[in-house]
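If you scroll down you'll find the structure; I have some questions about it.
Note that the chains are named A, B, C and D in the order they appear, and that numbering of residues resets to 1 at the start of each chain.
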Amino acid sequence: MKRRINIAVIGTGRMGSVHTRNLARQIPGANLVAVCDIRLEVAQAIADELGVKRVVRDFHDLLDDKSIEAILIATNTDTHSFIVRDVAAAGKHIFCEKPIALDLAEVDSALASVEKAGIKFQVGFNRRFDKSFQRVHDIVASGEIGRPCILHIIARDPEPPSVEYARTSGGMFLDMTIHDFDMARYQVGDIEEVYAMGNVLVAPEYKSIGDIDTNIVTLKFANGAMGVIDNSRQAVYGYDQRLEVFCSNGVAMADNEVENVAIKGAKDGYHSARLPYFFMNRYAPCYVEEVRQFIECVRDDKPVPATGKDGRAAVALGYAAWKSYRENRPVKLSEIK
Amino acid sequence: MKRRINIAVIGTGRMGSVHTRNLARQIPGANLVAVCDIRLEVAQAIADELGVKRVVRDFHDLLDDKSIEAILIATNTDTHSFIVRDVAAAGKHIFCEKPIALDLAEVDSALASVEKAGIKFQVGFNRRFDKSFQRVHDIVASGEIGRPCILHIIARDPEPPSVEYARTSGGMFLDMTIHDFDMARYQVGDIEEVYAMGNVLVAPEYKSIGDIDTNIVTLKFANGAMGVIDNSRQAVYGYDQRLEVFCSNGVAMADNEVENVAIKGAKDGYHSARLPYFFMNRYAPCYVEEVRQFIECVRDDKPVPATGKDGRAAVALGYAAWKSYRENRPVKLSEIK
Amino acid sequence: MKRRINIAVIGTGRMGSVHTRNLARQIPGANLVAVCDIRLEVAQAIADELGVKRVVRDFHDLLDDKSIEAILIATNTDTHSFIVRDVAAAGKHIFCEKPIALDLAEVDSALASVEKAGIKFQVGFNRRFDKSFQRVHDIVASGEIGRPCILHIIARDPEPPSVEYARTSGGMFLDMTIHDFDMARYQVGDIEEVYAMGNVLVAPEYKSIGDIDTNIVTLKFANGAMGVIDNSRQAVYGYDQRLEVFCSNGVAMADNEVENVAIKGAKDGYHSARLPYFFMNRYAPCYVEEVRQFIECVRDDKPVPATGKDGRAAVALGYAAWKSYRENRPVKLSEIK
Amino acid sequence: MKRRINIAVIGTGRMGSVHTRNLARQIPGANLVAVCDIRLEVAQAIADELGVKRVVRDFHDLLDDKSIEAILIATNTDTHSFIVRDVAAAGKHIFCEKPIALDLAEVDSALASVEKAGIKFQVGFNRRFDKSFQRVHDIVASGEIGRPCILHIIARDPEPPSVEYARTSGGMFLDMTIHDFDMARYQVGDIEEVYAMGNVLVAPEYKSIGDIDTNIVTLKFANGAMGVIDNSRQAVYGYDQRLEVFCSNGVAMADNEVENVAIKGAKDGYHSARLPYFFMNRYAPCYVEEVRQFIECVRDDKPVPATGKDGRAAVALGYAAWKSYRENRPVKLSEIK
């Protein structure tokens, strides 16, 4: 049997508790040795549930423990870069939830410390691990349907988050489209230029904070392909996640997963279920798979499947989209520093 | 350019007028030279519409015309065998609407005259010419998915015909299931035994005439495969026509054609169109194709794609189904004389 | 918070280990207090994994423990009735894997002891808990699409089990079709008569043990509806599980779940994934849901969703199917004692 | 019975012959009295086929005929505006194939003569008459799914036309995207600004004539909605025509029509047919319906469903797209004169 990797989780809130449970139950290669949260009682509760022995409030308490090889960071975004720097300095491998930071200088500082430490660093771009999106990627990457020409990503949330959430989220392009920027890079490659349109069409309260609720972003890829992302904060029929890579000799697509496969036929036609409503349900298997692969990469010293560079690129594209939207012109990624 | 075949149509009612228009407009290999109907004004009207020069009331007037090589018979079922005998005796090739007759002795008498005359004789089993059912047939016949194991046919009408119609139709197994018996033979081969169940579930008035409105018939094929047909007189969502041939190394299926491809997504899920409502719309291209191929067979002296033997087998299976239903036991086709 | 039910599992093999893990992790209303297996090391291993404190080899050791309210039985089929009798006598509620027994007298004896004890008794008909089949059931039961007329169940395994397995399984109708008999009863109601056809078409080695690998069974329901089940041991494209209830004013269907939603389009058409291959994956959520509901029924003293009567009926239908197949005639359920 | 409209066709080439046959056979409200083509033998052939009595080489010969109320113009694009002016001056209603002209000044001159004459003038935007696109339109226009937010149009040809054709076609935005501009306006309303990207990815020979073979165009509508069109000259899986209008309370979509509904399942998954290959097949019913409605509008003096203003807007949008592509910036429609 292969060596298990000792790992600790910092941040056991919504996303962190998902990772913590997955590490304990569904990732045999991982040995979950500690959990940490500044709300100690939150960490203690999940530790009790899962039989984790060590619980700390201050993540620094974990850094001297030589037996801990890897750390999963799932705290609030504004603490990521600070934690990454200290954990990297301690020489531990890192799985960090996205985004690394909302400020590019912070991202760069965190990545510099990672590079200096020579550790593994994976960013939590969970959608890369969806079986259908991976299948699309594999078809396209194999070359069997020619070169990529047009990428389409449709990503629509079921309902808008609160203004309070939106206010500190970095805005739609950095909070929501960022996933799609990464998916675009995963499927087709580096992006050189974006043009972004947006509007407030369903959540008028967003106007007061300068955010938008609907957008279309076009992409020019380095390889000559073109792409388009569309996003909405309100798809009443569910969490709409579709993808299409049109190529010179074919097309690869991923349609939506459905809530159930029942269909009713009646006088007025056929009726079928709406889409899964909650992103954590839709992508549940991805949260397991991304960490499983991270553990493998640590154990076998392989390159991680979603790097710090990927994390930086998605943030930079978010900034480029905001700039394009505000100036109503195409913006080159090279304009974003 | 290839030789055109001079043809006349006997019976220009509902089905006959479809064939007449198709012959005039969509089958370049045919030269429609005459139409005949005992209601002369009906024949005259369509002749005027299409520019057909010769119109007769009594089909015998056509039989001496040496220039007429082929006759399409689309009169009432109870006249088919009588007309077939005389047309065959005159040496003209025949395309005859289904069923040849409701009485097996009549069928045999008609087929004997056909054989004696040595003419081409095709029965109007239009569904054999559906592009999707043909594709299923071709996949299965190619052997690429192994040997046939299970056949499923679903065939449901949108609404029950009147009791008046049903009364002289031969009943559900001879009026409706007969199509499916032929499709079963077309897809999988000869049938040796049937077991039929039926009930009156949607059209209570059928009870008074001893007919049924819902049935399930199972089939045992000579090659060891098994099959099942289900029929209903009332599918409120449209004309439901599906087919599946499950084989030892795969499956070939034909799902329904849809009325349109629009889909609406809303809070309560997805909605799509019901099925086409009318069999003449659903199978319109088949009516052209079956006659086009008949014309070709006459011209090039090739075997027809739906023979007198096929026509007889479907009627015999209808009788076997009635016998099975009445006696509630499996009935061998060899019991039907 | 509601009271948790103390439960023990007897039999921690393939199916039992699934239930054991579900009870420990995914059913908050249950408190898993003990596991039992005649292979003590198997029980010990899963107890260690899940932190279960009590492990026994002989299930009788659990019966005196007043704190245990419920028992889940997942041993070999031939031990079910024996265990049920003793557990019932001890007054503990029972969740029993299907079938209760392969011998009807054994079933009756077990059910008599259940009745005498006045305990809850649920049979593990997992498919009743599939979200899509439940949705079909709810549509039909609501009456919104009229009365049931025709039921279709397609259930095909990906590949045949070994002859060794098949030999003691009760044969295809009792091992495989039994699920579909229960589903038929769940969707449409009591069955009065069956007619069964079968053949060996893909696994010639089954001939030596008198078993079959392909079948079609038709059903007559007490309410006048008719049904048909088809089964195969070898669907190379995956685990094929479909259902359709055609009603007088519409239809409710459950199509297959798919392995992924990626589609490739190329010169030769569109290609999509095959079906999930393994029944435990396909029905994984059902195994959780059936036990979750059992726990609720015990706690709140509600009727269980799959009763001993349901368990008996499915076995009796299996015998009726074998009798029908062997005698090639419709068999009334009342003929089976 | 309602009055039939006497109509003549000018230009009986590829598109004109379709209209001519439809007028003769499938549009009972029309009375086809004459055909005209500068290649007299072409006009004569189709007149013979359909029994049309009058055949002319010079369309002016038709203008003095008071009995002719309407003219269908299906000549080469560069002759449209010239013919429109003369036919309008003669007071006859006009159905004119798209585009009205490739030069906006020509378009304006033709439309001025139409306005002066006070005649009906319909442009041949056939896709507006597709039953599925109409269904989408009706759902959106009803308001039942809220306000339009995002429009998607995917329109891809099976294979690139020759360089010779492309050279005089106005280029991709005026030859191909023009249909989608009209569809966008039909579904969502007036467009104020476009941003166009394009590239040569599949037909390198297009570079020599300054044309492109792949494009994405984004749209800003006057009502605040946004849209995106993508086009390719080479979809090897068939003629890809999809549409989606995402709204604040739902979505309306039209997926592709398929060549047949057969599906094969095998070890490697499911396979289905590619798309119809030829636009004339895909949209055949639209060519009938658009002219049928034109005839009705003439007879009943109703507004036509695709106006001269619509025809001008689509051409102007094509110019705006070319300008945007060349200058790599969003272009307002108001910039195009």
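Here, a residue touches a chain if its C-beta (ideal position, glycine included) is under 8 Å from a C-beta of that chain, and two chains touch if they have at least 3 such contacts.
Keep in mind that this is a model prediction, so the values were computed, not measured.
Hopping across touching chains, the smallest step count from chain A to chain C is 1. By count of C-beta pairs in contact, A-D exceeds the other of the chain pairs C-D and A-D.
The chain with its Cα centroid farthest from the Cα centroid of chain C is D. Each chain gets a centre from the mean of its Cα atoms; for chain B and chain D, those two points are 39 Å apart. Separating the CA-averaged centres of chain C and chain D is a span of 58 Å. In whole angstrom, the spacing between the mean C-alpha positions of chain A and chain D is 43.
Multi-chain contact residues, meaning those touching two or more other chains, occur in chain B at positions 235-237, 249-251, 265-267, 273.
Per the touch definition, chain C reaches chain A in the complex via residues 25, 51, 131-133, 135-136, 139, 144-145, 249-257, 259-267, 273. By the touch criterion stated above, chain A contacts chain B in their complex at residues 235-237, 265-274.
Put simply, chain D touches chain A in their complex at residues 147, 149-150, 152, 154, 156, 195, 197-199, 201-202, 214-216, 218, 220, 224-228, 230, 232, 234-237, 240, 246, 248-251, 328-330.
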